[in-house]
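Next, two complexes with subunit A in common: one pairs it with subunit B, the other with subunit C.
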Partner chain A sequence: MAGLLDQPGYDEESLRRVSEQLPCRELQAGMLLSLMGQPQQYCYPSLFIYGHRSSGKSHVVNVLMKELELPHTTVSCVECISAALLFEQVLLSFFGCDAAAQLPRSPSISDFVRIYRQQSSQFPAKQTRFIVMEKAELLRDADANLLPALLRLQELVDDNVSVVLLSEIVWDKFRPNTGCFEPLLLHFPDYSKGELQQILSKDCHPSYSAEFYSSYINILLGVFYTVCRDLRELRHLAALNFSKFCEPVAAGKAKETETHKLWKNIEPHLKKAMQTVYLREVSSLQWEQMEEHEAGALRGLSAHTHVELPYYSKFLLIAAYLASYNPARTDKRFFLKHHGKIKKTNFLKKNEKTSNHLLGPKPFPLDRLLAIFYSVVDSRVAPTASIFSQISSLVTLQLLTLVSHDDQLDTPKYKCAVSLDFISAISRTVNFDIVKYLYDFL
Partner chain B sequence: MRFKLCLDLWNKIKSETEALQDELNRNILDSLLEFTRKCSSSRHHSQWASKMRASEIPTAALVLGVNVPDHDMTFQSLFDLLRLSVTPHVVSLQAKECGALKQLMKRVLERVMDTVVAVDDEEEEEETRPSGAQLHKSIHCSLAALCDWYISKTKKSSFSSPGKKRSSSVVEEQDSHPPVVIIFKDLEAFNSRVLQDFILICSRYIHRLPLVFIFGVATSPSTIQHMLPSSVSSLLCIELFQSLSCTQHLTTVIDKLILTSKFPFKLNGKVMQVLVSVFLYHDFSVRNFIKGLQLALLEHFHSQPLSFLCCRKKEAQLNAEQLGPGDLERIRQLPSFQRYLKEQEEQNKLMTDDALLKGVCKKLLKDLHKYHKNYYPVLRCLHTLTSSLPRYPLGKQIRELHLICLERNVWESEDYQSAMKLLRMLAKDELMLLLQKCADVLQPVNSKKMQAAFVQLEELLTKFKQLDAAGEMAPSVEEKFTSPVKSLQKKTDLFQLQKTLLEMNESRRSKRMSPFELLRNEAVEFVDSLVKDHLPPPESRPLYEVCYYSSSATVRRHLNATPRNSIQAALSRPQSYIQNDSLKTEDGTVSNAAPDICIAYKLHLECGRLINLYDWLEAYSTVVSAAEGNDPDSDGFGKVDEVKHARFIRAVSELEFLGFIKATKKKTDHVARLTWGGC
Partner chain C sequence: MYLYVLQFSFLRIMSKRKAKEAHLPIGECIDQVHLILRKRFCHQQLPDKLEGVEAQHKHLVELLKRTAVHGESNSVLIVGPRGAGKTTLLRSVLRELSEVTEVQKNLLQVHLNGLLQTDDRIALKEITRQLHLENVVGDRVFGSFAENLAFLLDALKKGDRSSSRPVLFVLDEFDLFAHHKNQTLLYNLFDVSQSAQAPIAVVGLTCRLDVLELLEKRVKSRFSHRQIHLLSSLTFPQYVARVQTQLSLPDDFPDGKFVREWNAAVATLCEDKSVEDVLRRHFNSSKDFRSLHMLLMLCLSRVSVAKPVITPADLLDASRSCLADAQANMLHGLSILELCLIIAMKHLNDVYEGEPFNLQMVHNEFKKFLQRKSNSMYNFEQPVIMKAFEHLQQLELIQPADSSSAKTQREYQLMRLMLDHSQIMEALQKYPQCPTDLKQWATSAFA
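Right after this comes the complex of A and B.
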């Protein structure tokens, strides 16, 4: 196995340790290693590694860097709110805080290059320095010159430095319009089921045998593999449910080898877990507690959908819903007493054949909302300040959304952001038959 | 004097509500504290399972309901409690100060580090913030910096107390690594993008930095799922905490503040109605309800000169002693007192003799206090009896019953009759349960009448129990039971006794009642008599104006502002607004000497949807020239000069600013009207 990771210039022992830590990724690691070359050799200026979430990108790179003791720095692009932070981290880890302190406030890329050159002339690189950028897709939102500059940093600073970009998106989505230096692309494919099994079996519980744990993983994968292939998620689930799996063994009812019996025991439990824990309806802590005292049905997050609202807020929301899903022309039909007999067919335009509920909510102006509101509420309501403040509080609660720009004070437009189920629950509490007023259900 | 009283009373009310608030929140806050403690401790257990999910950030989702104004108080007490008992590192964030990730980060860093660096010279920090913060930021504005700081901090503290360390228990161990708690006050208002990024960053440091999040959720917990994609929410370990619903909250507040004889200040039915409807219809905010109560209190003491009698019984007696002639005159003017006078024989004497009046006042005040003392227990009794009846004839909540009782004689209402009828049909065990509850309500009250009522109730209950024991022997026992009935009834007045006797005879004639039925009727009659004795509306009592605040219009105007109505009123009736009687006209028209904007407004009311500016100007200048007293027949009349033009333009632009008209592109030289209806 170690043969795959054969690269001159590195310590045999550490190479062996690397390959141990990287199951099922030997091919990629070997490829990466050969691209990196020997430590003192110049490396290709920029590498781009992509693959789905938890396909081992950062893990492989980090293990390589750590075990082979290469000078490197790992930066997560989420964390770098500004480019300054990125430069600071890089300089800090390569040259110490003196260099980082030289950065001016809000530095540009040229400041960074200048200081880097200055420093690297004092401390020239004996080995290739690596800058590992995680979640590189966020670099696209940064300054336009940042990504191209990073790609050819080696050239700019004239030093043995290489940038490794890790991303979940393919390179084609990165390429700036103006063209840039093309990095070397390396793809990490998803783990197969067998590979997942192999990896998951590795973090075995110390007090049980490896075979026992791997049979457990086998069962777990059988249940969850169809819905989830995320290694991290699977690992989480495995950890959560293992104690349940062990129960019969610990109680002495079954032996570790009686797989079938164990399977019978765990399967319904796993099914239940799939509905709750996997969706994070129930936190893992609560799940564990539930296992302890078998509390029965634990209500998940989405079970609490009931929202209490003040009386007029309910009607405002109903009015907003009607305004969002009914065409404005039909208001007359619904809210005027003597609207005459207008049939639905007379209204229909060609493009309105499709249900408004399929098209989603439409924006409506404030006037229309209030007009509908006044005709929907059964009692007379004074247009008080609190009615208006309720509208804005509905917006902060994200039950309505403001469509027009915040600065526009004149005729603001809103959209209703609640579902039909929600609004019919609300209207039931105020004895309002909303279906009668909806154009789609006419 | 009145001011002092008012202040005293308000302070009492305030402290009472605060205690109440604490009481109500205690449950949830305790569980939250427990949660944070558990989180910080579980981190140290190096168990296999907890190692596997170490990257999850423990999160508490606190569902508080939509009454956002009340949340501040809850969070403040949560914040204080956390800081006191769990960890010094607590940050509380509001959405409006964290528009972008950078600001969010800055706030977190500033607050965590500031509080520890200098708690006592915080003000100084505030002043030097502009420069200091910049410096801070330029050096480090990342979580890594926070992490370093945290590690050095915890290290320092563990070094500084080596003695403690040696005798270390698990608790000590925890204390040296207090969690960093970040409270997101209003989760819904946060930008979801920012929040996601922040959580991602935090999860990278969770191994080194024990973070705990608390989300304040106003709507429903599923918003968390709406806001965060699964890749982010999988980093959180969310536990749900549900707080008390605000209607329950209000019920307890009303129960403790209003339905008690502790506070002499009372609201009358209409004001109460306004406050409750503001709560139910508009904001669900208990804080605003209490503000409304405060307003009513202030207004009462401000507008009612006799309100200095509105205090505790003894003080009221003292104050009554010091009544001046003016105050006495005022008392004589009170409508309730005049009603009282008519029933008295010594009417004339009371009108003239001040000393006598004083004595009567004292007596009346005493009566009023007694009335309150009896009113609330009986109200509670009636509520316990009726609140479980089908269809709730007298309301589900005690406040509804209270409102009915405040307005008129409750026993005259149809609902009351039907409730009594229903009571007469209750099964034995139910009735006994209810009566027992009533007895429990009455027992702690220390007033003679209530004690007497309590004793009677107990008697009734024992009789019910005897009935149980007697069981089968019913026919023979019956006679025995009827006699105590009669003796009991003597306490109520003659008319009622007659009536019940009649009823009894009638029923006996039609059908021999079982002893239980008799006893049941007796119990209901007893309750009825209690209600009639003690629940007449306060308006019927003399001197009720001293304690009851009744101006519902004022409260409504202050709490439920109607900006548009007041603008229109100001424009159409400027005389009342600027208090200048010369502008008054008879038939609702605006006098031509009114302010320009009023004239322009009045004229625009006469137009259709589109208004021709030139016509408007002409009409305006005609009106204004008439006001200047120009001769209508002269040449210059109605001519538009520059000054008038300018004044007109100003008036029009002011109207546009107020939102009555707007520029339109449909026709040149026209503006569109934005309001409906003519003059």
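Right after this comes the complex of A and C.
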């Protein structure tokens, strides 16, 4: 197979520009180009390129199409929610707006093929035309005949056109029941650690040396590589944290070569980034502001659910948690002052798998919630409407979920939707030891 | 004048002799090779002669000739798995028929495809269009499908109104037409073919062997039950011979010497032992043309000026990429945390015999592994683990066990793992720089 730069039929200068823009992907680009062949030759009717996200699939295809000036149209299946949008875009790119205007309202694929055939008999393809479809896994949710028809479009319209599908899901999950025209599969492997380092180092800041930046990338990869190998995420994190890394050097406290000092400075910062920016708990803007002002704790998105609840609402929530995670038969033991003798064997028979904290919260009726609430609250409280309205507001805050049907007004059922950490934090504020009352922690 | 003509013809003979031994530069030869073979593999160019289907070919030619020349209505189904050569057979038959002048003058053709004409209404419009009767129909409104079809066939009557011109209806992906409402199109076409209204031939092509089960009783009774099967009974030596013919260049290639060398190289290639093993593997999985063309296309893409022949190594590489496990390729690119989660899921599957699990259970299992190991390298917070879990869900390596995702929290939604034991173990072997404690954990849950 000819290397990327030796492909016949293409301008050498353009090929050189292509290989400059595709670091670490020369092999795949060369394979793709050799499959595509020269522009005037036929290409296989459909190609399926699969690989992890940010492995360069769209990038390689787009760079090849643009630099080598091949007639193409790129369609993202996220945008084309209906087939009509796809047809319009293809006809517009290949034949101009007159052809696209000939499509009737809500066109069927039969109309599309007919108009394409008409146009291609007037303007036959001198070069292979490519239809590139990104996020092709969404085609499976469209009409059942769209994907098989696209795969054999070359045969249906009798023109030199080829469909390239890009996806991160493997082809085996696409295949229709009765089979279809199988596309040529091409795999874009993930970048290795060395390749990631090479690509990330290309973003180096002009005012610092390349070795300084690559030592920074080394540290970044050391923290994040076990968790994330997505190139886009790593680039984003690298860009955000570089100024913090350079702080000691800019302030004169350390030199560029003292990697240990720099590492000690940046490492806790990167660990915090993993819990906040990586999880999109805070926006990049907040992160950068935090770096400048050295504010205390960073409030992430999940922290916003720690709303300040009124006193009785907190107890209602605690009661709801206990009702969800304790089996009903254990209520007597926990909440009655004199529960008498309870056979230990039946009570303590626990299978690890059925630990409620693994299976999830169970629904409970309103009566049970109120019963537990009255036994848990230390003061005497009357069952007024304000108590019940607090339950409704807990549902609105999505701390409780309403499980029963909306029509059932007399015995509504709820489920508690908070985690153990959250409820422990809340119960600490009211001096209530919740772990003592949980069946799973006996 | 006479001498001039003699001289001219003499020069022509000389140049013809020279042209027989014309040499093109190697670059142009390779271009021509690509041009010819790509047309063959990618564009399904009709070969001059079809092999192995002579009986079916003759049968179909006879049938269609009877319709076109003698006005006898017929219906037939061509049944065969995908890539068996149904469309090629039909095109070859039509090519042969078009050489008969009477057929060429009389026979009208309508080509419908189940993938394109998804509705009987669309199908009828397409039939009108292909018979060039849009102007005749104009804005007329018909009561039923049958009326419309009868009108169309009526309009094709020849000048003396004695009989209508014969029409050939080709229905590609025939089984999809059987899913239309009431199977109206099929019913009417077969009805016309049984009655003496107009001479039509209905040829259906389908990949489903049980296509007759799909037809309604009234449609099935009007069908002639004539089926042409293309179930390939190829033996392995015939398969290798087919590979050789597919790769050989035709004799009318501009450079005679190159063609001889190329065809000789192809012959030696097919006799090579390693190539034979590769071809046997492919022969055992599928004998159809399409998978063969895919394999040969991959080999062709490696032919260039630097390497103007197909070597056995090319075929081996092409075979490897055709038969590669795509899921294993994707597992290679997972992060270590995601791999840990998959191993934890594997253990849950082993212990609880394939019952669905949720994130909490997977995290619990992972925590048990971490407790045994002293280093806290993989000690991540729950939200980070949640993000890795969601990534696995987006790659469809795990899928929800049921569809009630609305009322349950994300960490408690039940999922199933879509990989099996051997795939996971193989992926661990191939994973780059896989930590040994992970491998040990994978082999035994208590390591």
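Basically, the second predicted complex is superposed on the first by the 300 of 442 C-alpha atoms of A that agree within 3 Å, B and C clash if a C-alpha of one lies under 4 Å from a C-alpha of the other, contacts with A are read in each partner's own complex, and residues count from 1 in each chain.
The criterion applied here is as follows: contacts are C-beta pairs under 8 Å (C-beta built on N, C-alpha and C of every residue); 3 or more make two chains touch, one makes a residue touch a chain.
Fair warning: this is a prediction, and the values are worked out from it, not measured in the lab.
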item: Contacts of A:L85 with subunit B and subunit C, given as first, second, both or neither; value: first
item: Touching partner for A:A239 - first (subunit B), second (subunit C), both, neither; value: first
item: Touching partner for A:G360 - first (subunit B), second (subunit C), both, neither; value: second
item: Contacts of A:G252 with subunit B and subunit C, given as first, second, both or neither; value: neither
item: First, second, both or neither for A:L309, with subunit B first and subunit C second; value: first
item: Partner contacting more residues of subunit A (subunit B vs subunit C); value: C
item: First, second, both or neither for A:H205, with subunit B first and subunit C second; value: first
item: Partner chain in contact with A:A382 - subunit B first, subunit C second, else both or neither; value: first
item: Which of subunit B and subunit C A:S34 touches, first, second, both or neither; value: second
item: Set intersection of subunit A contacts, subunit C complex versus subunit B complex; value: 279, 302
item: Subunit B residues touching subunit A - in the complex, by the definition given at the top; value: 48-49, 52-53, 56, 58-59, 61, 63, 65-66, 68, 100-102, 105, 138, 141-144, 186, 188-189, 197, 200-201, 204, 218-226, 230-231, 233-234, 236-240, 242, 245-247, 278-284, 560-565, 662
item: Of subunit A, residues touching subunit C in the complex; value: 1-2, 6, 8-9, 31, 34-35, 37-38, 40-45, 50-52, 55, 108-110, 113-114, 143, 145, 148-149, 152, 154-156, 168-173, 178-182, 184-185, 187, 189-190, 192-193, 225-229, 274-275, 278-279, 281, 302, 353, 357-361, 401, 403, 415, 417
item: Residues on subunit C engaged by subunit A in the complex (per definition of touch); value: 27, 30-31, 34-35, 38-39, 41-44, 81-82, 113-119, 122, 125-126, 129, 175-176, 207-208, 290-291, 294, 297-298, 301-302, 304-307, 321-322, 324, 326-327, 329-330, 332-337, 352, 358, 360-361, 364, 377-378, 380-381, 383-384, 387-388, 394-396, 407-409, 411-412, 432-433
item: Interface residues, subunit A side, partner subunit B - complex; value: 53, 76, 78-79, 81-82, 85, 89, 105, 203, 205-206, 232-233, 235-236, 238-240, 242-243, 279-280, 283-286, 288, 301-302, 304-313, 382-387, 389-390, 393, 396-399, 410
